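My questions all concern the structure below.
A, B, C and D are the chain letters, set down in written order, and residue numbers restart from 1 in every chain.
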């Protein structure tokens, strides 16, 4: 299980999200409250959109709390659309190529949760990745396989549909292999304009996921973060765990749903895995 | 604050201490119970005595729980005298040269605790290291400075006296600099034959420290560890935290005392910092 | 291109092979003479057989010349059968899971050379790995794929046949994909008893490969290495580059051949890729 | 011995200096031509000035040619004043705290060369660092000690004087300790506005150092680097090795001299160690 954060809105330096809040993502790397692991020390990653279409990445295999370079870069880099992730491995090795977020062209993808018994179905899932996408798979994690399945199933044309079909397919393959509870997930994906955030579990409760609601409340709750005072009302965060006190600022995303952060009013829709 | 373990007795593979027990040192790296930090992920180290007089070291800067090589080496290396340490940094950088145990000639040294406000007194303490020892200082941690002060004050001739004088000196320098509560420590030191373990705090409670008592109880409590079944009655562990259930197998070392593990009956004595 | 060394014979500490010779493997990591790269700084690995059937591994992603732990372990570990490898990546990421030697059960495998345009054929080659072996593939390198193909094609029953069939298959898949010069290789493989060393190239000259011949000459050439003075006459090294002067001590393995190091007289045979 | 590059002028993305030129700094990390080592694989660092007064740092302990994050950051970060350094250690450990450039407040410092027999004089040199600066020393390298001596001797008020007095002092201490040829150096230092570059050796030839001269020639020689086409005529590079063909674009700095890159015409002056 991991922790992640997605941000879209008024350009912010990374540090305003990663270091400044009381229960910041870096703090969560040592003291997560809502997941099964208090420690998320198996690597980390940040992705952000700058002047190019393609997002930039900075990833590391040491615990995020110890990375001097992350601290430096977080003061230098500003972006209007930021993904950040701290990892608690569910088995695959701690190496750059297994750190989130994953990137393909202009797309970023990150995940908290797992495909259960991944080793048992890895071959079948990997074979289902489109052959022209296959060479872009660099690591060995369930999350990267999931991402490339979503790409195979049409993520770039219709993100929710791509994810629903990928999850439907994974559930089918897993169940054929006798795996119960195949998928637990909170996933964020972006093309540099919009952000889609999914919360789902094949059975039982999915991992937690929260949307920031009123920016005015965030401003009040975090007087210690000057950058937050300048946030536009459209600015939005999606997080595994609230960065501070919950009340008034954060709404839980319901299970089996997804939200879209975009220009204009955001959407909240139902998420249903598909096998078509 | 860190966690550590010292072992002396029937030769054991490292894994019998590091991985096999339920609440092994590797488990403590993620789930420590008795210290201020549950996570000890800022590097680790193992030192052991083999055929040479000089001990061997294996240290790493990643969290111990992720180190594949440690897992391999722990199955290969056997020793009758083993030091192992997992680090939760109190400020100095996570780098090989700051990982415990520290070695000088045939001596090993490791530490849990800290010299308070070390930056404030580091220069004065460093200047007091004997000039012929100074070139052997490789890192920047309070622990290594402490070790070289103990060497300067006669550790090699009389370990308890060397440590008592080093602590007396550190307390003096710290108090002159206006630092309260200068020293908190549980320290282990060995010359390859005996092990000395110190527990002390300038004020308040020192870090926890336990001696294994009856080997027969250890054997009963750990039927899952075949290597433990062959332990001689003289075999002894000193640990920050018991490796399993406390009852019958572990005794707490009193504050302001030190124990000596050696051939024949072990000793427990009072520890008193000195300024002579 | 990489450099490697295989040793079988009188038990030696690793350091006698890795550090002591004038043109040792560690020296080759900075100053290789016979390959296309003078620097082999993209990770390293050592594998050795101890008391267990299964060999032990120590691998790292930093350059071998900088690894303090390798230096320590090389003084501690003795073995009668040692593989050591320094890597110059031909493209796949520098991560533990891509470092040689690779292990499966009691087998070790290492490689210098490459499968040309590996990205183009990786999917087809990967699909040909036996499904029950597939979950053991951990990295993304051409060498590991090659190893698991050889296992698929019967390496464990008949090593030369397994390698000949794997190479035949790889050449076939590559040529179908329009790749010229698909395979260049010097490969070592062992089951803990015998060592097989292969030298082959689909076209042109394969990577260099040398066998030690007279142990007496080795002893004379390396008076600085006490451990060499005790080598039995049966002791044998296979290396990418001689560890010292060539004359009298080293024989080049001919192209398209393989040698077997085993009890009794060694063999030199022809190597012919197969498609049966 | 190391390689380095300093740039001042029209804002450039780091990649235009680090990756794009034919004989870029990253290429020099594997294939240096003018130093004693062809490989500079013992860590690296980049420092640059952004919107803050204080420069930012990105450093790593792996070889620069393997660092994925450096590649990413180099496309994202633009600056008008850039320091970059690749290290070939002369003995001190490969760790973040020993990587160049070093920073103190708004100052950056990097170095190629060495203080001979540094271990012998390290204590005396360290004691001479001003006590209020001492706590900022984080590593164990000769270069960092040299930097803090220059700061102690007035670098911030008069950079050339601070360096001349530091070198005079180091030479004095070394000679008292019986060390010949104490200092070999090419040093760059900046406060964010100007860059000072020093070339000196106590005896014999100092390390190479080149200034870019005509920007128009640089533009012509590097049509493959679009960013170079926009360089102002004031833009200037100082490098250990030219990034491409020498003719017309690069001038060697004479031994025992220093250059100042600043608004208006640059200066070239004599460098003379002092003991006042």
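The rule we apply is simple: a contact is a pair of C-beta atoms (placed from the backbone, for glycine too) under 8 Å apart; a residue touches a chain by one contact, two chains touch by 3 or more.
Computed from a prediction, not measured in an experiment: that's the story for all the values here.
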item: Intersection of contact partners for subunit B and subunit C; value: A, D
item: Superposition of subunit A upon subunit D: rotation angle, C-alpha, nearest 5 degrees; value: 180
item: Computed distance of Cα centres, subunit D from subunit C, in Å; value: 40
item: Residues of subunit B whose C-beta touches two or more other chains; value: 68, 93, 96
item: List of subunit D residues in touch with subunit C within their complex; value: 30, 38-39, 41-42, 61-63, 66, 68, 89, 93-94
item: Contacting residues of subunit C [partner subunit B, same complex]; value: 50, 52, 56-60, 68-69, 72-73, 75-77, 96
item: Complex interface listing, subunit D residues touching subunit B; value: 93, 95-97, 119-120, 122-123, 126-127, 131, 134-135, 138-140
